[in-house]
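Quick heads-up: structures coming right below.
One chain, chain A, appears in both complexes that follow, with chain B as partner in the first and chain C in the second.
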Partner chain A sequence: MDIVDARGLLCPEPVVLTQRAVKDGRKQLTVLVDAEAAKENVTRFAASRGYAVSVTETGGEFSLSLTKA
Partner chain B sequence: METEVKLTKLSNCAGCGAKVGAGTLAKLLGDMPTHHDENLLVGFDRSDDASVYRVSDELALVQTVDFFPPIVDDPFTFGQIAATNALSDVYAMGGEPKLALNLLCIPENMPQSAVQAMLAGGYSKAYEAGAIITGGHSIFDDVPKYGLAVTGFVHPDRFYKNLGAKIGDVLFLTKPIGVGILTTAEKAEMLEPGEIDPVIALMTTLNKSARDCAVRYRVHACTDVTGFSLMGHMLEMMQGSGLSARVETGAVDFLPRVLEFANMGLLPAGVYRNRTYAGPFVDEGDLPLKLRDALFDPQTSGGLLIAVDPADADALERDLKASVPSAQRIGVVLEQGDKSIYLV
Partner chain C sequence: MKKRNFWVILTGVVIGVAAIVLTALGNPGNMGFCIACFIRDTSGAMKLHTAAAVQYVRPEIIGMILGAMIVSMLTKEFKPRGGSSPMTRFVLAVVVMVGALMFLGCPLRMMLRIGGGDLNALVGLVGFIAGIFVGTLWLRGGFTLKRAYAQSMTEGLMLPIIVAVLMVLSALLPSLFAFSESGPGAAHAPLLIALGIGLVVGGLCQRARFCTVAGNRDAMMFKDFSMLWGFLAVIVTTIVGNLILGKFHLSFADQPVAHTDGLWNFLGMALVGWGSVLLGGCPLRQVILAGEGNSDAAITVTGFVFGAAICHNFGLASSGNGPTVNGMIAVVAGFVILVLIGLFNRERI
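Entry: the complex of A and B
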């Protein structure tokens, strides 16, 4: 499974990396971030591109699972 | 030949987005000892834009300081923005800036021409404002920072606080919103050439003309909209006044493409800090998320938020439209409700 590791990166980098990763129209992607703002921004980006997002948090890190409906 | 300086690469939270959150600040300052002085008309016990100290029955000093890391790469433009932003706090009090001191932090290896350009930008705006830069202080620092400590004059009976709004007052905002979002989009390299220009024009426009219009009318409260966002600064005004505001979001002017980028999640972290602080006091209704997000966008060198007597609102609007075309009539002040701000 494809993973974008955006931990430690400041906005807007997590969104930029996610955008790059979904350019080919893939159906599934996992994005790892470690900041609230990055989690929210990637969630907004994913929604704007028609992906459903589910978030799991472990110790301040977030794993965002993006699935194209 | 000197290498080109990419100023924004040296800072990770730019402009007023670098501000310490309002809630954090209130906690930090909560227990500090302070003298009582009856001539101190506005001090830091309240979250106002500047302090005001009465010198005589005719004259009060307005004092403020503001500085931040680069929000643009061009050093001259950055100097202009930092100075415009610092001078703005005096205008927000209804005053006129007179004296200023440079605050400068520079990396040891920063080219001299870039430092000079930064300062030249600051001097150009102080000159335009009619203020004199009389000196300053410089230190070495990894991240460059620039700003001004500004002293201005105001009549001790006729200055503006960020509280004191009255029921029925009409709210004006004198610049469009979206600086934080567009500079984030710029960082993401999503802007076309030239698309940052209106943002720079906004950030380097003094609030002088807006202030000069406002002083002719019965203004009850005024503040400038900066890092705490339109919502954060309006919340301070409403909480301080013990009232609530209704904002016609359709009347709020956004810079081009701001809502598009907000929708894509190109939001600076300050949006979330501002929402954590101000969000609980805002009834966001069922408006689109991108619109609500943009209202929490931290502004750098933003416009004035003015609460004016309703009898003067039309005249102020005409006056503003003539000299500050970006001014918008965005809402009204209401009795205090469950929330401090209602978005419609």
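Entry: the complex of A and C
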């Protein structure tokens, strides 16, 4: 599975990286972020592109699992 | 209504109402809030520059930093972070300040000026949007200021502590500071009200992740219009408020703390828009992030303070009479600096 590591990046960079990664229409992607705002922005972006997002939090970091049906 | 849109629009409306109230209580015209002007005034109060008309420790800014800190601590979002190209951010902040003081206002004041009928601010808005567009091209091209990393609590609290001490000192020992006796710096709402409003607005902006640049940027890059609603909410609220109070005057000429040079209003705000996209957020957002423990944003705010001092010490800032030649040269230099910073901070895609 492909992983986008956007930890420590200020918005909109996590969304830019996610946008770049989903451009080729892949079905699954994991995005790592470490800020609440980045988590919300990536989630909103992914939902707008038709991905289901599930979030797991570990020690203040978030792993966002994006899946396209 | 979606939860996010609710917070964004609520924050926009509260900012608009707060701005109208602060102006009615004594702040300069169409300047209920202005991150650039208020940091410039605070810089002057600390005698970092000596422009006698713009010296006052603005409680709104201090309130916003502390409000964002308090709310982010309550929601467990206060996270000391830093180390993402701090010196580059400092320079970008100086450039943004040069642009803002060419136009005479940060993006937030631009919105409040539009709300007061100042047509020069509409010219500024066109420049602002153009600047943001150029900034997004750099982001698409792989521009990055690299990662920030976890820092100590002390690092995250440094700026909030400094501004809190500054507030207490300026209230208890005003003789240490320079306060304007006339001009915009002498026009201000009562201290405790301004501080209280700053706290509330800072807290709300933290919740909503309010940013004047993000609205346009995200619409252009991701077709995400949610933050744009907040942008419009501020403008609509101030238009309605000013109409009710009879303070809406639609014109280019004779607007408070503004000049009518269209080209330089456009270029000044274009510089602000472009620079802010590279920084990851507008001056307001930097103030809020600094309150959340982001020491890169704290460095950026320090850059604004330094930039404001430079603008007045070297005659770069405009006045109601218009821009200065030094200011024009500095704005052009600012664009060159943005290109260079852009070129040297690209990662291969």
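Before moving on, here are some points about what is shown:
Simple rule for what comes next: the second predicted complex is superposed on the first by the 69 of 69 C-alpha atoms of A that agree within 3 Å, B and C clash if a C-alpha of one lies under 4 Å from a C-alpha of the other, contacts with A are read in each partner's own complex, and residues count from 1 in each chain.
Definition applied: a residue touches a chain if its C-beta (ideal position, glycine included) is under 8 Å from a C-beta of that chain, and two chains touch if they have at least 3 such contacts.
Quantities reported herein were computed from a predicted structural model and do not represent experimental measurements.
With chain A as the common reference for superposition, the partners chain B and chain C occupy clashing space. In the superposition on chain A, A:Y51 contacts neither chain B nor chain C. When both complexes are overlaid on chain A, the residue A:V42 reaches chain B alone and has no touch with chain C.
Shared-chain residue A:F62: touches no atom of chain B or chain C. In the superposed pair of complexes, A:G8 makes contact with chain C only, with no contact to chain B.
Contacts of A:V16 after superposition on the shared chain: both chain B and chain C are touched.
Note on the chain A alignment: of 77-85, 167-175 or 239-247, the part of chain C that runs into chain B is 239-247.
Shared contact residues on chain A (touching chain B in one structure, chain C in the other): 10-13, 15-16, 19, 35-37, 40, 44-45, 48. Across the interface of their complex, chain A is touched by residues 4, 75, 77, 79, 81, 84, 139-140, 144-145, 147-149, 209, 214, 217-218, 221-224, 226, 280-281, 289, 296, 349 of chain C.
On the chain B side of its complex with chain A, the touching residues are 12-13, 184-185, 187-189, 262-269, 271-272, 289, 293.
Residues 10-13, 15-16, 19, 35-37, 40-46, 48 of chain A are the ones that touch chain B when the two sit in their complex.
Per the touch definition, chain A reaches chain C in the complex via residues 7-13, 15-16, 19-20, 34-37, 40, 44-45, 48, 60.
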